[in-house]
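Below is one structure. I have some questions about it.
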């Protein structure tokens, strides 16, 4: 799949001028409230019509202002999971799920349906009315409903935003599974970083209607220049490794290019390659190798860039084996430690700073 | 003010059996989705009627199943800020604000109105329609509307849940100001820990319709036994200190009973006493005093309790001067460091682990 | 009438409108006409409507009114007379009707418009006529009953039906129709418009009633006939 | 088109009757619609039936019933006369009453649909702000159902402008009192050659309703926007 | 109360006419209501006026207009006759047409209120699932407005059961074809002493509508629950 968007639209006083390229896998659109995320995916779905620009999906031109092309919503074969679920209140869960199947490729058949229902764990809800579902169940049904139309592309507008942490944890695995099991490519709108690590192959940051950063999630997140865009508390790099072992004392070891990383025990089989989000905030830098500490992880690293951030912080880019890390330290620490680009240093990390929801199969 | 609740209610298959005592200041009700938080405050407001029990506010019996007393909603003088704002769509902001004033004590007068509007920063919105407000603005207007009725008690049902981090940061200060400036006592429902530190005098944890932990926020949060109830990633103690100085390199110093704590520069005047949330997750323990590290804070502490938690973690309760701290470490670290109750130890804390939203005037 | 007194109110059957309006205007009568169906008028007067003079299109309701004790004794008389005719479109030839079959044949599968046989005065006269002739049962399936006689006429004028039984006065007023057959006046009860003065009638009502009686000429121009001079109950 | 004095009198009378009928029946219609939409009580279905009767029965029957009940000799007629000094019999007030009764089911139904669509959460919010049930109703519920109120009012007004059967049966067609546009039109259609005059009145009738509809559409558009928070 | 054969015939005929009128006018009413609620087009206000006319004009005028348009000699009458083989003149079909036209503004208004209350977001959701505009309308919008449809149908049916003026003007009163309950009642009320027999028919009329109302209330309650997701 390849999606190519370059559109301009004016909505009241708000101007959207966004470029987006998305391929296979999940593309996360990240931006604060009012940055135009919904406006952008609405244009992709065909729910709103930009003033100018062009949208192509695979070889098909979905929208071209100059050529006057605007494929109607229902012919775009793009699934959409709305933030507020939008289940049909007059239909029960089963009928909501089946709403779109008749428009989809018939060859998918019963098996596909069964798979989706099983994957989402909604088999027991089939006869229920939307009013009798919890927020999380609603979102799962909305996701299933979109999947059953076998869309070429799936748009997800903050599907978890209204849910609490635990509820989110119940649903995120479904999206992960979808991505892992070769489901449709996704464009996933969120303002929650923990969702990004779990899902994003590609990341696009929107700000005031403009796409200001774009690339693989690893690249965008590891760039200290983007720290302000992402928010200092949320910024952090992604590193990759392979699950090495599960120890009996409750830790799992993950082999990184620079050594072993210990994290709280996770439910992923040995040998799986995983991606781990390490918040810049959680990385402590040390000039010497620390001893006697409860932090299980001490990794050798090299400073590749130092960048002054907002307020009192500095973003330090590190290379750690073949991985990149981002650390956020105070100006005082920078001065006291006399950190320089090129310097070798130790990165100290608590195992608990990498809880299971910061780790995802890659 | 004193609120005393002891009610039992059955809603469909859900059973609520909650006890709550609340006094002056803010009482936070914490619990996961579906734990009965809304049901509980609805009963307090009089929007639903429990099957049995009793609710008294100050000397007045609001509800008593045995005596058949049930004061109607509009006579309870209890303000309610709903999660979804519920602004009247047919009224502009000014009229929404003034909706309840005629029922309130007339002696409050124009000044009170001006103060509230200024405090909430909604002076510029007065002529707007609810449909033209952002999510954050809506919540502020809803809060103002409730305040202008001069309620004896203010109920807030996850007023920030649907907003993103930045939006939350815009609104939380209003609640803080309200608490600081002697506004009405609040019952504040949330599932977000960062709101608790900023607001909670009193904390009540609900689980499956039952109030399972209750007390001052400090006590409830410092008790390692409650770590599981709160969630291992969110758990953490509150410590108190006085703002000592603001350094020119972007850090602020806070004097604790056990020493100086450096945090990212904050906008609170020197001499203010503040309360700081330190997540158990962010505390690193060290047997020796660490050197050469980017962590600005190393505090001497003593282990007061060790408690095995869920999964792979241990909760370590520390006393640190007169304050209490909570640390979460892996079983392996516990074993390697041979930690014992009564042992003296160093608690290591990054300055960045205590961002401004984790610090609040107390 | 005395200066400042309220005008006399005449409750009259709707079909009299043109003629009565004309009389009031040409004779400058200080009277207000109120038109309506005979049944409605009669009931309203019985319920205390402020009518001074009442003119109905059928004696039955006048009969009923006199049992309600709202009419002045001896004030009843027959103001006007009318006749039934078989009407057809203006270019239709005369028709000699000897039997129901003659009519049915002439209808050629279409319908015969009449006022409602039991409700509308014109229909009631038609009904008596047809049943006296022994034609009613045969014709029943071919009838189109209307809620008033004007509508029966309109149906003929519009060509919706080829034939209909209406009043001679109606035919006189409608250029698109003509009478193709006139039933024997003896074959149905005489068509009379009874008039009466109510018990609470205003001063001057009698004068107005007399003026109406005197205006036979104007009524005649509208196609109504005089009540035969020899008839008892004729207004003098 | 210039109206004769007589025509003008008929038009203004019709307007007065329709306006009074609509405006006076609105409060009752709101009350009944509220009962039907929000309450459960003994006799609810009977009430529902009574409200619908004027629609189901031929207008003459309704008119006749009104004559028996509200006529000079009717039980209610006397009550109104002695208590409030209002006479219905053969007056424009009676015509307004007839028009109101005939339009009542239409107004009630529309408003009921409005009540059923109101977000209860907003009413709860009103209560927590100190408003009594009555105040919530007046300040929250009622404003929120303005689109339905308008629809009801338009239907009621139009019906009142067109009502004929019940009116003429109840209060006759007395010039200046109860001779409305429809009854004048009807009478004209009863006499030979009256069609042209009738057509004039029909045109007036249509013009009046065009005006009323235009106003109502503008108001409805605004109301819809208002209640959607725009 | 046992009905005579003649009464029974009148009742069944009335029912047939009212049902046919309601059911056949529903699709058109839905279409027009949709146009009025959702579309902006040239001539919209004219359409709006035409829809309301039968309410505003005295029934006789509407009946007369029907006669001119749909009578044997009328332009539409001929079209229907030759194209579809449907004759309206002096037939029960004509009575149904008259009843439908008279009830049309009531049905349209109620349904329009329904359309105005539908959450557009659900319609968008339908489109993203692959449903064309038409399919969204049929599978989302329409089910969501069932309460309004029911209200419209009830109003239309009740009006059809009670309609008299336009019907008798258009198709006269022909036993078995167009003699409906209202025209039978009217007839009885026109002769002195007919009241008792009329009362029987009125009672039947009321009984029928009680039944219809009861059914509609049950359906409405279910529909309201359905569209609120319960």
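Chains here go by letter, A, B, C, D and E, matching the order in which they are written, and residues are numbered from 1 within each.
Here is the rule we use: contacts are C-beta pairs under 8 Å (C-beta built on N, C-alpha and C of every residue); 3 or more make two chains touch, one makes a residue touch a chain.
Here is each chain with its UniProt name: A, B = Fe(3) ions import ATP-binding protein FbpC 2; D, E = Molybdenum transport system permease.
From a predicted model like this one, the values you see are computed outputs, not experimental measurements.
Participant: Give me the chains shared as neighbours by subunit A and subunit C.
Facilitator: Chains touching both subunit A and subunit C: E.
Participant: As a test of understanding: of all chains, whose mean C-alpha position lies farthest from that of subunit A?
Facilitator: C
Participant: If you average the CA coordinates per chain, which chain's centre is most distant from that of subunit E?
Facilitator: It is B.
Participant: Please compute the angle of the rotation superposing subunit A on subunit B (C-alpha atoms), rounded to a multiple of 5 degrees.
Facilitator: Superposing the C-alpha atoms of subunit A on subunit B needs a rotation of 180 degrees.
Participant: Centroid from C-alpha atoms only, then distance subunit B to subunit C, rounded to Å. What do you get?
Facilitator: 90
Participant: In angstrom, rounded to a whole number, how far apart do the mean CA points of subunit A and subunit B lie?
Facilitator: Here the centre of subunit B sits 29 Å away from the centre of subunit A.
Participant: If you average the CA atoms of subunit A and of subunit D, how far apart do the two points sit, in angstrom?
Facilitator: For subunit A versus subunit D, the centre distance works out to 60 Å.
Participant: Let me have the rounded angstrom distance from the C-alpha centre of subunit B over to the C-alpha centre of subunit D, please.
Facilitator: Whole-Å distance between the two chain centres: 55.
Participant: I need the residues of subunit C touching at least two other chains; which ones are they?
Facilitator: In subunit C, nothing touches at least two other chains.
Participant: If you look at subunit A, which of its residues touch at least two other chains?
Facilitator: In subunit A, no residue touches at least two other chains, as defined above.
Participant: What are the residues of subunit E that contact at least two other chains?
Facilitator: Answer for subunit E, listing residues that touch two or more other chains: 64, 165, 183, 186, 189.
Participant: Once the touch criterion is applied, which pairs of chains come out as touching?
Facilitator: Chains touch in the following pairs: A-B, A-E, B-D, C-D, C-E, D-E.
Participant: Mind listing the subunit E positions that touch subunit A in their complex?
Facilitator: It is residues 121-122, 124-133, 135-136, 139-140, 143-144, 146, 226-230 of subunit E that touch subunit A.
Participant: Which residues, counting only subunit D, touch subunit C once they are in their complex?
Facilitator: Within the complex, subunit D contacts subunit C at residues 60, 63-64, 67-68, 71-74, 89-90, 168-169, 171-175, 179, 186-194.
Participant: Can you tell me which positions in subunit C touch subunit D when the two form their complex?
Facilitator: Those residues of subunit C that touch subunit D are 9, 11, 14-15, 17-18, 32, 34-36, 40-41, 43-44, 47-50, 148, 150, 153, 170, 172-174.
Participant: Using the touch definition up top, name the residues of subunit E that touch subunit D in the complex.
Facilitator: Touch residues, subunit E against subunit D: 45, 48-49, 52-61, 64, 105-106, 109-110, 112-114, 116-117, 147-148, 151, 154-155, 158-159, 161-162, 164-165, 181-183, 185-186, 189, 198, 202, 205-206, 208-210, 213-214, 217, 224.
Participant: Okay, in this complex, where on subunit B does subunit D touch?
Facilitator: Touching subunit D from subunit B are residues 45-47, 72-74, 77-80, 82, 84, 86-91, 99-100, 102-104, 129-132, 145-146, 149.
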